[in-house]
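Paired with chain B in one complex and with chain C in the other, chain A is shared by the two complexes that follow.
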Partner chain A sequence: MSTEPAKLLEEEGFSYLTCIQCGTCTGSCPSGRHTSLNTRRIVLSARRNRDVYHDKDLWMCTTCYQCQERCPRGIRIVDGILTLRAESVHMGLMLPDHRKVAGLMIDKGHAVPINDDGRAKRKELGMDELPETVHKHPQALDQVKKLLELTGFMQLVTDEGTENS
Partner chain B sequence: MRIGVYICHCGSNIAGNLDVESVREFAGSLSDVVVSKDINYACGDQGQDEIKKDIQELDLDRIVVAACSPRLHEVTFRRMAQAAGLNPYLVEMVNIREQCSWVHRDAYHYATQKAKDLVAMGVARARLLNPLTVESVPANRDVLVIGGGVTGIQAALNLADSGIKVHLVERDSTIGGWMARLNDVFPTNDCSMCVLAPKMTEAADHPNITLHTYSEIQDITGHIGNFHISVVHKPRYVDVSKCKGCIELCGSVCPIEVPVEVDGGLSLRKAIYLPMSQAVPFVAVVDPEHCVGCGLCVKACEPEAIDINQKEELVEFDVGAIIVATGYHLFDASRKPEYGYGIVKNVITSMELEQMLNASGPTQGRLVRPSNGREAKRVAFIQCVGSRDETVGNPYCSRVCCMAAIKNAGLIMNKNPENHVTVHYIDIRAGGENYEEYYIRQQEKGVEFIRGRVASVKEVDGEAVITYEDTMTGEIVDSTVDLVVLSVGLEPNTKADNIVDYLNLSRRPDRFIQVAHPKMRPVDTHTRGVFVAGCASGPKEIQVSIAQGMAASARAQGLLSSGSIQKDVMGVRLVDELCNGCRLCEEVCTYGRIKVIDGKAVVDELTCGGCGTCAAACPRGALQVRHSTDEQILAQVRAATEDIRETPLIIGFLCNWCSYAAADLAGTQGVSYSTNIRNIRVMCAGRVNPSFVLEALKGGADGVLVAGCRLGECHYISGNARAQQRMDVLKDVLAELGIDPGRVRTAWVAASEAGKFAGEVSRFVEDLEIMGAIGSELDK
Partner chain C sequence: MSKLSFFLGCIAPNRYPGIEAATIKTLEKLGTELVDLEGASCCPAPGVFRSFDKITWLALASRNVTLSEEMGLDILTVCNGCFGSLVDANNIMKEDPELKEEVNKILKEIGHEFKGTIEVRHIIEYLSREVGPEKIKAAVTIPMDLNVALHYGCHLVKPSKERHLGSVENPRFFDELVEATGATSVDYEDKMACCGAGGGARTAVLEPSLQMAVNKLEHMKAAGVDCIIDACPFCHLQFDVGQTEIKKKFDKVYDLPVLHYSQLLGLAMGLPLNELGINQNLIINEEFNKKIERIRGGANE
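So, the complex of A and B:
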């Protein structure tokens, strides 16, 4: 069983209790303009211990931090959302697309690996075609994989959890 | 008559925009004018000295100063006249700066002509000025404070500390008021009695305070400086001088038990009881409604303090000023049947919760469900019960309930952090010092604030269920709780209705006592010598009530410090032989300062504010405003229309407080408008008698503007509304005569609305140009 959202947030120091539902966060949210994400509602649901873990909108946040910057009550909204996401993943809840991205991280050492366009753009800018990452140092990929395994990331994202979303 | 006229240059402020020399020469040609001079700065020492010298050497008996606005320097020139031995009210100022040179900068010749007309009007009025003296009457320096709540106690203490004798009258058998019934108070969570009790004791012990508890005001007569008060001391059936307040002996033998009203009947008291544990005076009282007269207590009382034959006692005294601190009463929650008060067992009011949370209250501070006495853990506060609710006639916010609920919700969380407390609100109003911070702290404790007014409270299987829309999510929720607390609003104290009547106070639409100005005169009433403080003039928190008690005491003290009261020279005077007792004046005086007695109007000259609305209503001219008589005003009208050099010509009647001030402001801000208007200053638009308007039109003016404060903002409550009424009737009359009713216009302009005033004038001129000259419509 997962930890209740309000309790979890309080333990992590991101309490949503003092939210006054003013909507500054939602109004500031660039993602919310194009997706169903309503930050105010997420904060309210979490404060009321609703099951935000199953809420797909939790993943629509781009972590731009605009809402957190502007919150008049100084609530660490994005930090809280990241905490809630982490708990959600620990519950085995992850969107298929995010699972794919996590797979890329494991396979390529990059969530967004370079492609031909990327190479061309770098060249045009007078940079090396490949960045100083596993792309240029393929031997480091094993080390990355090792890190991912040691931190439990690999198991977390590859296990098809009992609860699927 | 020997009139001196002085035209001020005001440097280039006036002289730069009109021909001062020409105005001076014109003034000299007017009859009775024996000297006409121009002065660079009339208000300066040199200027004043020159006028003073003329008064003495040329034996002048009227002075006309054409300069800036009288609102700026009228007092200056009155003082100057007084210094020269001339009655100060024989000086007339003509406004040729703010209302002429500054607003007609590009119309030199027209501005000069307007200035000449204004001077002619001023001289015409000056001829009719009467010497006035400020009369004063001796005043009693004692003060009556009505209401022994925290506001009244504070007011009484401040006065008493300043050496003023105070009579503090309280209806209850103890002072302390509602505050004495509260548990802890926001935003500091002080125990209410801990901070109030010392003040109660101090008031009782103060050598300058006479405490009248368990007393009713029976009558108040007289007026400022000399009110006569009749107070009835109701029988307590207990001798105050003998009772020790032990209550044990008498109370234990009393066979009668009565539920205590203030805690919702959670506890019982006897028919002889102490009103509260820290009552001041600390004396028992017998409740005659429930006492059966068995006499057991009489035998039990060792000091022999109980006297069942005690009678009420009439006490009379005089005071110079009165502070009304009659407080509020709580909204009756059963008037909102959907909230189940009195039906659903676990529904209580906020005041009952205060008792329950109180360690010395009926449950010793335990939070219980009245249905079964078990601990209450899930508590819902319903806000705005009887406030912001037009269905019960209370559209206003009661202002204290948000903070009180936040405080109590926090106290409940303190008892047990596992408690679930929700506050159901429309808006949270935490607008005092440290209030928002206090609100945040209670939120941090986990109190949940849910926006949405609760629709209903029902009892389901013995449990209270509240139904509401959570307007943040749009969900409709049924929630079962252990205890529902109705945050009941504050209503005007109907038990103080007689006080309002005795003192002729006015009420706002919300039924609370109206103050003289909601912003600038927060503790003054419309009755001179009467002040109001605390919740009597609307819901307020304790800290604001205390501040108002202090403010009212300072006002009373300032008023009485000299030991005499001055009459307003602007006041109304009755010309006795003209009055036929028709009572029209009585009807229009919103203040109730005129009463027809034995067929003649009697003006309370000491409290008359001098608006002149009555004078305008009097069909026989029997009422005259001392410094604004009909003849003085008509003389100005006639002078303005005697030799018309500019058309269309408008005569403007502007009220002193707003529209005249707006016209001045137009000058200060340099907002220009048409030169066609000649203004006459009156104290109130209500002063304008329709006959003044007719006189202007008859004389050849093409239009008349009557301007006052914005409707609802009149400095004399409703003078402008009267003016509007009269002008509407007058327009109908004009239409019947074949005169275009559009020639009479009203404008309601605030003192800040310079642009609006200028626009009104310019538009009126344009419209009159289309209408044509006065009387041209009769030829059509």
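So, the complex of A and C:
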């Protein structure tokens, strides 16, 4: 069961209730110029306990923080959006491409792992083919995998849930 | 010689290794030694992983921080995304004893403990505060007479309550570093706007993400610049790979070369283009390369 948006945001310390619906957030949003993302409406919907978790616009935010910087009430809008997203993900709603990236993290310890092109570029520059990250240190990768198991992340990503989008 | 651990992240070492090479070489010339942070993982990417599960994000970032704590060194990042994740996680862990305890229980299982003994630095913020434009100017051997469009990116300066780097509407500290190389930072419309890549947008909703990049590229091109200078491999990828995608999707051509600041600094310190990986980009502009050669040739005469 998901927590109601207003309650969740309150518990996490986001003062969405103090929003005066001035629209500075929407007016400052670079994504909103090109997408249906309307930050002001998300804030309104969340505090009225409408179902924002199924709202795909949640994922149009680039987390540029411009709305949060300019909000005259000092509401941590983006941090709140991240909280709403996480709740949505825990309901099984994860965009397919995000699930892929999460899978790369689980397998490789990198969201953007090395590929043949990357190896060739490194060689061309006289560098080692693999960087000194988990790529070159298998024990470190084991640590990352264990960590992801302990936090339940592996389950979260592999368990597609009933509401997979 | 100052010493920092070098947190590579994903995109710099795996897609644009020139940024990694340029950073090591240029910082060495400025008296900062970078030490390998062996076994580091993805930061993890703030947009996607922070959006999925806060404890996972916090624990992964904290693990990376503890690797550097164990070496007794502050961390240097060359990426706004890595900087955002690592700084925010480091601050949360230092300030919230309950979360620290919860995360440390996980870290203990893999042989680490977060202590809160180090700081996380971003190359631009580090150079601005610890080295300064004057010292950089003194290390420049070939002033780069270029007009550049500077892209700060978002997570270097925002959220400002966490970053403490001054104005987020009209910052100057990065411009000063660019101008120290001899280049001119040209003002352009929406200079502080997002490239469109972050928050998982490039990954999941590519088209609107690219439209945001188009907005930036239009204004940069209109300002008549020779190239773009960024401080983040993800913005770098968005502008470089993005230009090829934009050509296909929207039939718009900008042909703007994309350089990370470390690469511009490398050129100004006399390092050749190919050692800095600049021609490993997808966007290769011959006119720009000729201009660089002219500048280098002029300096050698």
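Keep in mind that, in the parts below, the second predicted complex is superposed on the first by the 143 of 165 C-alpha atoms of A that agree within 3 Å, B and C clash if a C-alpha of one lies under 4 Å from a C-alpha of the other, contacts with A are read in each partner's own complex, and residues count from 1 in each chain.
The rule we apply is simple: a contact is a pair of C-beta atoms (placed from the backbone, for glycine too) under 8 Å apart; a residue touches a chain by one contact, two chains touch by 3 or more.
Treat the numbers as computed from the prediction; the structure is a model and nothing was measured.
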After the alignment on chain A, I want to confirm one thing: do chain B and chain C clash, or do they fit together? fit
For A:98, decide between first (touching chain B), second (touching chain C), both and neither. second
Let me test your reading of the model: by the given contact rule, A:85 touches which partner, first (chain B), second (chain C), both or neither? second
Per the contact definition in the header, classify A:13: touching chain B only (first), chain C only (second), both, or neither. neither
Touching A:35, do we find chain B (first), chain C (second), both, or neither? second
Based on the superposed arrangement, let me know which partner A:121 touches: chain B (first), chain C (second), both, or neither? second
The answer to whether chain B or chain C touches more of chain A is C
Please work out how little space separates the C-alpha atoms of chain B and chain C at their nearest point after superposition, in whole Å. 22
Interface residues, chain C side, partner chain A - complex: 8, 10-11, 13-18, 20-21, 36-42, 44-56, 59-60, 63, 106-107, 109-112, 154-155, 158-160, 168, 190, 192-194, 196-201, 203-205, 208-209, 211-212, 215, 275, 277, 280
In the complex of these two chains, what residues of chain A are touching chain C? 30-31, 33-35, 59-66, 68-69, 76, 78-79, 82-83, 85-86, 89-90, 94-98, 101-102, 105, 109-115, 117-118, 121-122, 124-125, 127, 131-137, 139-141, 143-144, 146-148, 150-153, 156-157
If we count contacts the way the header does, which residues on chain A are in touch with chain B in the complex? 15, 17-18, 20-21, 40-41, 44, 47-48, 73
For the chain B and chain A complex, residues of the former touching the latter: 428, 440, 443-444, 446, 448-449, 451, 472-473
